[in-house]
Amino acid sequence: MGAKRNYWLFGYAVLYLAFLYVPVLFLPLFSFNDSAFIAFPLAGFTTKWYGQMLADDAMHSALWNSLKVGAAVALISTALGLLAAKALTRYRLPGGAAVLGFTSLPLFIPDIVLGISLLILLNTVKMPLSLVSVMLGHVLICAPFAITVLMSRFDGFDKSLEEASLDLGENGWTTFWRVTFPLVLPGIISSLLLTFIVSFDEFLIAYFLAGTDATLPIYIWGQLRFPYKLPVVLALGAVILVVSCVLVVIAEWVRGLGQSGRRTVGV
Amino acid sequence: MDDAFIRIENITKRFGGVTAVDHVDLGIKRGEFFSLLGPSGCGKTTLLRMIAGFEYPSEGEIYIDGIPVTDLPPNKRPSNMVFQSYAIFPHLNVADNIAYGLRRSGLSRAERNARVEEALAMIRLPGMGKRRADQLSGGQRQRVALARALVNRPKVLLLDEPLGALDKRLREAMQIELRQIQKTVGITFVFVTHDQEEALSMSDRIAVMSNGEVLQIADPVTLYERPNCREVADFIGTMNFFEGKMIGMGGDVAEIDAGPIGRLRARNVPVALTAPGSDVLLAIRPEKIAMHKAGAPGIVGKVSAAAYLGERSHLQVTVDGLKAPVAVAAQTSREPAGTEVSLTWEPDAAIILPRE
Amino acid sequence: MGSLATVDVIGGRYSGGLVRWLTTLYRRSDAMRGYTLLSPTVLVMLAAMAAPMLLLALYSFWTQDGLVLDRHFTLDRYAEVFTRDTYRELFYRSLYISSLVTAVTVLLAYPMAYFVAFYVSPRTKFVWLILLTIPFWTSYLLRVFAWKIILGYNGVINSGLMALGIIHEPFEFLLYNTTAVVVTLAHAWAAFAILPIYVSLEKIDRSLLEAAADLGDGPVSRFLRITLPLSLPGVIGAAVLIFVPTTGDYVTPTLVGGSDGVMIANVIQVQFAKIGNWPMGAALAMASMAAVGAVTLISVQAVRLAVSRTR
């Protein structure tokens, strides 16, 4: 079907994209502005804010914390998502829909409620606040994404491929590595990247659970109080946005790759 | 049953509250081409998947070559399967697909390659080993699936509607090829299909299934000529039915009172139905009915529709007192609609069935 | 269900070895093997979500007495939530703001999703979808912060207009009010609205639209009678997915809300982090979830009813 044309809608779509992107683009724009004030007219080009950002030790440790938490969260939530997605797509489970609903609940509970209730739990079991508690909270909000991404991947290929492998003499474990894993790999990569980004960017839950170890968003939040530090925050924000965008594009591209592969693989 | 190579004893499979297979007993002989035939949802695929090990029966035992396999997982069973969707691994090329099951065979790499080449030659795709799976046509995928299963030299090959996705001409060619391959390799084939013509043309024996039960197990000729119940008769080919009451036996020929259309005769009567007064069904194939000009003795009717099919014509004859018209297959005649005719048949050609 | 039937049967057959019986039972039961695979995820969810929520509910019935937590059951916290005018006003405002955000976001997103579903060729669809989802995955904090620098007293709009000579005094009404919160949230949650609506539009069988046209419907009545009702699940999904979390949003009201834009989350945060009255914070959280749940259920039913009338 050739796409029909509708110039009104097309114009609207362009405006909509502008609404999505232009506000965010002010961050990189002013991060190169040679003025401590974030205001027009622009005062000239500089990279000194980036220099100051790189020299900030607190930023380094926050960044390192965020990377550690993000990597751990990505691995754990993707592993959990892999198990759950396989169970929910490959077995006749009485009550499977209810379990799926339960695992997507974190999407429907405000982050602040998740944050304070975890805070109460950790306090009750006398577990000190640390990056581990942040990780726990982030796994909670990342798992639904991992499950969704991986379930669509599992649904995308025929269950009889795994049966064929069993039938040809492989056991459950070797079947996983010879058939299932290569076929869900795009989903796994995509899930790893997306859950990493969600954790890396998450502020509120970490704010309640981090204790004295700041993650990068907590560090940024702290900097926002000081007007003279704003240009440095802008520089940091610009870097984060660019890196996030690149990772998302890779993740979506890999996922799309898997899905377009499915089209040609199908009968 | 004792010479059965695959023995299915009292197998039942329930999914939740639904009984998919209901107390089935079957014996399949060594080297036989055996078909499970029935409409979709009759339990034939579930039964096949239980032989393969993808479903565990709720009750009963399965033996292959005398060994109970009921509790063995698929990878421990001496059977291989050709899937309805073919299940060609999309991330492997043709040769790797075929060699998939050989990794655990203990063969050397050279031996494995030789087997793959041999298999490619058998399915008439020599030199195609490096092709990617998504570059194959439907017919080629079907053959690769077949080769991938046969290359392991299983004791039993299970085929789940393997020809269903192919167009009519390719399907007919593959029917012949499949039968030839089976003759060559001599492996027992268990073939699931809903296509009665396919089952009749390929099988040594056929089990007709409906609602989880096996209705009849017989060779194609018996199944066509001597179905044991209305459902089998109806499912295989076209059949005319006349309801009646048994009057009595004159020698080995039964006389039946068919109400408004008078008395009918048939020679093939099950012992259970010979008692006078039994409710019976007389069944007769369209091509066994002879059509005469009006006035000759026989059942009087009027041609209501005629379809000319070249080698034969199919006619519908309405008979007063019968709800459904009688189907008649005539070799040459091209009677126009409205012609009055009279119908007769040899008692030998008619079958008496119980009326349910 | 299936597993129960199997227990019976195998019980009869393998009454001998318990281990063999159990392993056979396990291997034969899809449900048991499936739930084994699910168990790690479910356990994590139980430990990190269900247990904490339960504790939160418990806390809301307790009392903070100085530094001591009084564990006697009481409804006093809820009484306070419902009787104090500031709290009631807070609830109304929060629900009002997020309703407005939900309506604005869904209305803005619908034509966008409609365009991608019906007017974009399959090839470029993928690109559009990526473009529309990127912002959703990137830092929420930074997206909200961007609005602060846009709307600020010395921000992008004011300084820009002044630099152009259009105004001479900065507008004061841009930042620190309800409108600022609505605009910022509508921007931040846009992708959440587009995806569900797009998915439901994409699922509509195109021949239904042709059938409606064939039966004499014009473009407008075709949209109202076919497209809109069939995309309703997506619209409702989008609305719920936005309404529920935005009611509890903390970052946006804090950064751009000012005193006019304070929402529930701000007060909850104060109870937990500043005052240290956890039971009060817990009661506020529970009450806000109950309020959000009630409003959601009622409005979903109302929308369903309204749309079924237009057929």
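Note that the chains are named A, B and C in the order they appear, and that numbering of residues resets to 1 at the start of each chain.
The rule we apply is simple: a contact is a pair of C-beta atoms (placed from the backbone, for glycine too) under 8 Å apart; a residue touches a chain by one contact, two chains touch by 3 or more.
Keep in mind the model is a prediction, meaning the values are calculated, not measured.
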Task: Arrangement of touching chains [line / ring / star / complete / other] - done: complete
Open item on the list: If I rank B-C and A-B by number of C-beta contact pairs, which comes first?
Closed with: A-B
Task: Inter-centroid spacing, subunit C versus subunit A (mean Cα positions, whole Å) - done: 17
Open item on the list: Centroid from C-alpha atoms only, then distance subunit B to subunit C, rounded to Å. What do you get?
Closed with: 55
Open item on the list: For subunit A versus subunit B, what separation do you get between their C-alpha means, in angstrom?
Closed with: 54
Open item on the list: Give me the residue numbers in subunit A that touch at least two other chains, ranges are fine.
Closed with: 92, 94
Task: Junction residues of subunit C - those touching two or more other chains - done: 1-2
- [ ] Please list all residues of subunit B that touch 2 or more other chains.
- [x] 15-16, 73
Task: Residues on subunit B engaged by subunit A in the complex (per definition of touch) - done: 15-16, 52-54, 73-75, 79-81, 83-85, 87, 89-91, 100-101, 103-105, 133-134, 138, 141, 148-149, 152, 165
Open item on the list: Give the list of subunit A residues in touch with subunit C in this complex.
Closed with: 1-6, 9-10, 12-13, 16-17, 19-21, 23-24, 26-27, 30, 37-41, 79-81, 83-84, 86-88, 90-94, 96, 99, 102-103, 105-114, 116-121, 124, 136-137, 139-140, 143, 147, 194, 197-198, 201-204, 208, 217, 220-221, 224, 230, 233-234, 237, 240-241, 244-245, 248-249, 251-253, 256
TODO: Sort out for me which residues of subunit A touch subunit B in the complex.
DONE: 92, 94, 157-158, 160-161, 163-171, 178-179, 182-183, 261, 264-265, 267
Task: Residue ranges of subunit C in contact with subunit B within the complex - done: 1-2, 5-6, 9, 24, 27-28
Task: Of all residues in subunit B, those that touch subunit C in their complex - done: 14-17, 56, 58-59, 71, 73
